[in-house]
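So, here's a batch of structures to check.
Two complexes are shown next, each including chain A; its partner changes from chain B in the first to chain C in the second.
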Partner chain A sequence: MSSSLIEFSHVTKAYGALLANEDLCFRVSKGELHAIIGENGAGKSTSMKLLFGLESVTSGEIRFKGAPKKWNSPRGAMDAGLGMVHQHFMLSPVHTALDNVILGREFGHSKAKATRLLPSLGLIDRVTIRRDLESLSKSAGFNIPWDEKVENMPVGLQQQLEIAKLLYAGVDVMILDEPTAVLSPDETETFLQMMKNLNQQGRTIIIITHKLKEVKSIADHITVFRRGKSVASVPKQDVSIQDMADLMVGRHVNLGEIKRSANTPGESLLTVESLTLGRAGTKNKLSDISISVKEGQIVGLAGVEGSGQTDLFNTILDPRRFSKMTDGRQVINILGRDGDTLTASDIRRLPIGVVPADRLREAVLPDESLLENDLLGHDHEFASWAVLGGQWLDRRSAKGRLLNELKTFDVRPSDPDAKLGGFSGGNQQKFVMARELSRNPKLILCAQPTRGVDVGSIEQIHGELIARRDAGAGVLLISSQLDELMALSDIIHVMFEGRIVASFKRGEFDEGKIGVAMGGGGR
Partner chain B sequence: MESTAIFEIFLSVLRFAAPLILAAMAGLYSERSGIIQIALEGFMLFGAFVAAASATHFGSGFAGLFCAVGFGIVMGLFYGFLVIQLKTDQIVSGTAVNMLAWGGIPVVSKMLFDVTSKTPAIDASERLPQWFPIVLALAVVAVTYFVIKKTPFGLWLTVAGEKPEALLAAGIRPSSVRWASLMITGAVAGLGGAILSVCLASSYTRNMTAGRGFMALAGLILGKWRPIQACGACILFGVCEVAQLKLQGTVFPLIGTVPGQLVQILPYVITLWILAGVVGESRAPSKLGQS
Partner chain C sequence: MKIHRIWTILKPAFFAMVSVMLGLLVGSLLAMLAGEDPIKIIQVIISGAFGTAHDRGMVIYFTTILIATGLAVAIPFQAGVFNIGAEGQTLIGAMSCALLALFLPDALPSWLAICLCFAAAIIAAGVWGGIAGGIRAFRGGHEVIGSIMLNFIAAGVTGWLVVGKFQSSDSQNPETAMIPENLKLARFEMFDGAPATLAILASLIAAALFWVVIEKTRAGFRVKVVCQSPDAAQVAGYSVPQVRFWAFFAGSAACGLAGAAMVLGEAGRFRMEMSEGFGFLGIPVALLGRGRPVGVVLSAFLFAALHHGASALDIEATKVTRDLAQVIEAVVVIFVVAQVRLSHSRGAI
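Here is the complex of A and B:
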């Protein structure tokens, strides 16, 4: 076929005995917006690393413009007109946006070098580069503050900056690895629109993702990966979202409503009464928040990121630390105990399960084994008093318990001694859920439970939360995914600028109304 | 006070500060690229010895400086071999380089000059003028500022110390940048040591750097790893040093004579005081020591 720009032909990549990619065959046509979907660990990223020259092919061939690809390094790929945005941003936080974009291409296009004074002296001409970048901004629809340090920029702008790097380097083929995983719904929309525009300007775009709705809305052609193989490569109109999910997982996946029992909420597990958090002279982080979570109830908190959900979450977990900021009023009651009398470690010893939003930073130690991570915060369960008065950890029984947990929650591989950091995002999250839920907590505080998690695991995590609710536990659920909140919650509170601006009961959920409230309208 | 006297004091401040400034600039290249530079003391000591020894050998002060720079580059490469190639701990390796200087130089000195503690005096006509180190140090600060702010290498250097993955993604190997910066560190620190023995004194004496390498490191931190500020910090140390020289033996009203030791700790007390509160948060390159 003459129109195919990139062609994978029976490509296999082996790491020792493990086949990360096996017999991959698919084509990307010029000017196409091509989506590669698949669960975590299906080999999507590996295939793109092969294309980009970060890894070398074990067998098979990758063809570019009809001939076998010649490069074996990222630099070579870039010179051939390919560019890649990695899942974890390759930006230096303390440098300005401008410096990040020009890194490695300080003189812009080689033609300019000879004619301008500063480049001919070997110096960076930031004034001229800035002008070029601003015109590039205009044509691509960026609104990047070029002189701002990256660390002060929201994630959405950092993503734009990564794209700007590629455009500045003049690439024709853009490879994006999970570009929307860290973006809020708003930012995602902006981003997808930008991708459409860039595609219409003639660039070939390959997006790796597992967000099927996005794929359906923007892609021209879809390739599905499962366990290292390409199981389908079809035009968008030929598949539905349900088909895609089934192909990815290899069985029928339930994307629809999860069955829940029609119970009536029992007694109150967590109450927060008119909580205001803030220092004199500054804007309040939280204003007059009142919520309650009852037995057999999932309470959802919606809102764009930074609307106060995280502050509320942290305040509930350590109410005493914040008591000075709340005028000394006792406003938080957890499982019948006054929050002001509870330290963070007291709270850990109550039957509470906590799943923080940023699991790698707040829930686990990525460099430690599953067993160490399982003991984290639960060490007292396995401690026994020894002869000399010191505490011993009973690792054997801890391990036995962990193995059971891993089996119940289907964490793969179920090896207690493996480093947690080596697991896929979905399995890491399943592990955190396993640790927190296997102690049968009465109250579950859960933030972004499915962020960076694949479809199969999402189904499982959602099922588990509903099962807990049906069994009488109360759940406080924070999520930036409206779909998730609407699928799980019995009641949704919408937060905006530290306040609850609207509340909806199950049956009254309306995506449009909730969306308006999230943006601060409809008050 | 007469204006010439003030000018004299000003000059003596700068004379004391010049080797510190050079060493601080040397450390800056290394640390901004992500490599802890605790070996400045050793580099300076080697520089001082090599400069004095070769100045007497060739009968030229400039030849001394030249050789010190050359040997500094070799030492930079040696340090790079340890921490980049062999990936040894940077603090341990740096300490090893310092100890190599403390222990190794007397041995070589004994072999060459039959004494362990001193090189022969350099002929007065061959000593470099006293203003030379001051001009040299300030010129190096200006060049460093320019390199960091305006050149691609400066950008690579700072990204290597902050987010090496980003540099690699842009097609530049962070380790190459670090090799280069260590060579510059060796050269400039060697120069800093050389002016001690060839310009500010007439020979090498045992352990003549007297902690200046560590002081320069403090100046670098105080200056938040930025050329101009670090230079300012080193000048401040110079002011303290000159002040303590002038204050020794002075009789204060009410207090009487202050013990010399108390006056001598002035620069260090001021460093601590400034680091603790006045400059606020001093943020190191985030990958410092992790490369």
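Here is the complex of A and C:
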């Protein structure tokens, strides 16, 4: 029986009336690779913030090495040997990798300060720190370029740097929050291997994630969160991926493939030919992109984040503005109209549904009611009083329409006056899908449709997209989830550094090959 | 639920009242430190503002102006841009109004001429502010810098015009000649000669129009979206620069009402620096009114009463002067601003 290093005992965390964590009970043993899984908003990150001293426990107790934990701040947690890598990296982009490690511990370990000359004079001893880091790199398997600025480093290396910071600080319990969310499949592979190594060297590792396959491949022990509670805490071999999904959601989830009709693609709805986007003197954001979306077709765009998918998406949304940044060779045709003449406002008057990637920033106004949010991008549909140039906004008819929409798409609560920010991620996204799809668009531009959405809603959103495709709509789908793209798309184009580097038809999808292309290989 | 909704409506008004009370409290404490009786100070301010019919008329006149300059700040604020150029916009509006009044043919009916003078003031003020708004919206230059610099330029240009070319021949002062008698707005008789005129109606209509546009029209909806999330506005197909520009233009145009009220309602001519800081006072008016139409009207009235009431301190009090009003105004604004911070940080949790 291994001794438990960290123990959550009936831990509850309340924010006012909201319970972010309720009666959490689980143990992490020393030297264990422990995965915490659960849907968005299940309280995973909150529980780790409690452990790390970023938030304080409302009731219950967290024990560390058998005694109640003593620290109430991250600084205290770090002194006790805990370290955390947050979902959003805490790096200074304009400094080098080396300086980012030094930041906050300019004089090395506290013992070094007394014994070494430069630190005792209050000077930074870069040479010694660098030597320490290089030997650390060797044992952990990092390949960090220490003199490169962070902003020039790929995300995978930035993450290694975050981990290096922890190791340099002498951490032996590492907490990682959604570490693979931003990584390409290749980088993920490297990362998982590194975690195994560090684990074998004796470090205790806690990973928060919702990627079940990764959990299955590396974790020793799995704790499942649902609605703030820990519903299971079991050794890996006791659960299957299907079990984990069901435990997370609380009912049986269909992980299998969604049925689609075997239609043949019809007329072209969107064509982009030879699109190059960039400013003189800088690297092109897009190079020579050609794609087309036909009726009854879902076209997926795969790629690591920042490979140009967003630029392509934005260009299609506001083609006339972006045409000033092209080389002029491009031909864009959107629903039979010449793209170079269309403004953002023209686009939104065509039968096009738009689901942007960053929901809270681009798709909705979190502080406003559902009704106001339903008008966003669609206010022209409720224009009345032609004498005033149709400037009057007819909210009454908008409300009637919205009520139907909410019912059809099962958005809960279906109250037009409720503030959108109070809805769960899943219901927010269902609302956005409802707003865009209830207008029966011919073309759907859809980015990250299930980001931050619970497993149950993912099922529904995927089903809806397939249904639209079967009914003859065309969909351009951007996603960082390869599983999602492979489940939905008829064609997948892989983007890397602003180019389309590979294309696959349905039936030829191969996770390995797509993954290699996403990393820039196989060209 | 219902109580909650009523509270969300009343909350800003409640906090504004608290700010005003705290402002008065700090003001009277300061007066006490200076050796005055704080109760007496408050009494002097109140009777100074409302004691006589003439006082009440003056308060109405100042309210007229402060609604306009308050709107000049509040309207652009709805689109997330900050206009602190009301001072200059008021001067340009007043100057244009006076010059047109001087050069319009006598044959025109008075009502038409007055309307034209108002229109000239509104358009000129709007265009002047539109320069700063345009620089912000289309070029990204900061509107605070732009609008404050335009204040200096407006003061300089209008001053130069009335010292030289358009200076009245029978005046030693830097001011234009008097405008024709039939263009002056009639003063309400009940206020004992104070410059309370129908211009107050123009200001109230402007505030009402502001409410209708923001709450009921598509343009107002777009303004709201641009303020809350330019990114969402972009995806929704709204032009962020255009919305910002026109909000800035509309706000600046409101200053034309202040300028016209000064020229047609009070002075009967343009005088150098006749805006007298009322443009700047529009900023606290808008802040205390939370940028909302009703709030702006109420806080304009309050600041007008404070402004006029405090002038009685010069005579009635020995140890403090009307400058105490500025201290009170500043304290009120500081409390308002502090609450904004507070509610934001609460919302973030």
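Observations, loosely collected:
As a working rule, the second predicted complex is superposed on the first by the 346 of 523 C-alpha atoms of A that agree within 3 Å, B and C clash if a C-alpha of one lies under 4 Å from a C-alpha of the other, contacts with A are read in each partner's own complex, and residues count from 1 in each chain.
In this section, contacts are C-beta pairs under 8 Å (C-beta built on N, C-alpha and C of every residue); 3 or more make two chains touch, one makes a residue touch a chain.
Not measured: the values here are computed from a predicted model.
Judged by the touch definition given at the top, the superposed model places A:Ile207 against neither chain B nor chain C. Of the two partner chains placed by the overlay, neither chain B nor chain C lies in contact with A:Met495. By the touch criterion defined above, A:Leu82 reaches neither chain B nor chain C. A count of residues in chain A touched by chain B and by chain C gives the higher number to C.
After overlaying the two complexes on the shared chain, residue contacts for A:Tyr15 are found with chain C alone; chain B is out of touch.
Within the superposed three-chain model, A:Ala383 lies in touch with chain C and out of touch with chain B [touch as defined at top].
Look at A:Leu393: by the touch rule set out above, it reaches chain C but stays clear of chain B.
When the shared chain is aligned, chain B comes close enough to touch A:Pro74, but chain C does not. When the shared chain is aligned, no partner comes close enough to touch A:Leu133: not chain B, not chain C. Once the two complexes are laid over each other on the shared chain, residue contacts for A:Leu365 go to chain C alone; chain B is not touched. Residues 146, 150-152, 155-156, 158-159, 162-163, 165-172, 283, 286 of chain B touch chain A in their complex. Chain A meets chain B in the complex at residues 73-75, 78, 84, 86, 88, 90-95, 99-100, 102-107, 118, 122-124. Remark: chain A residues 15, 317-318, 343-349, 354, 356, 358, 361-365, 367-368, 372, 375-377, 379-380, 383, 388, 390-393 touch chain C in the complex.
Note for the complex: chain C touches chain A at residues 216-222, 224-225, 228-229, 231-232, 234-239, 349.
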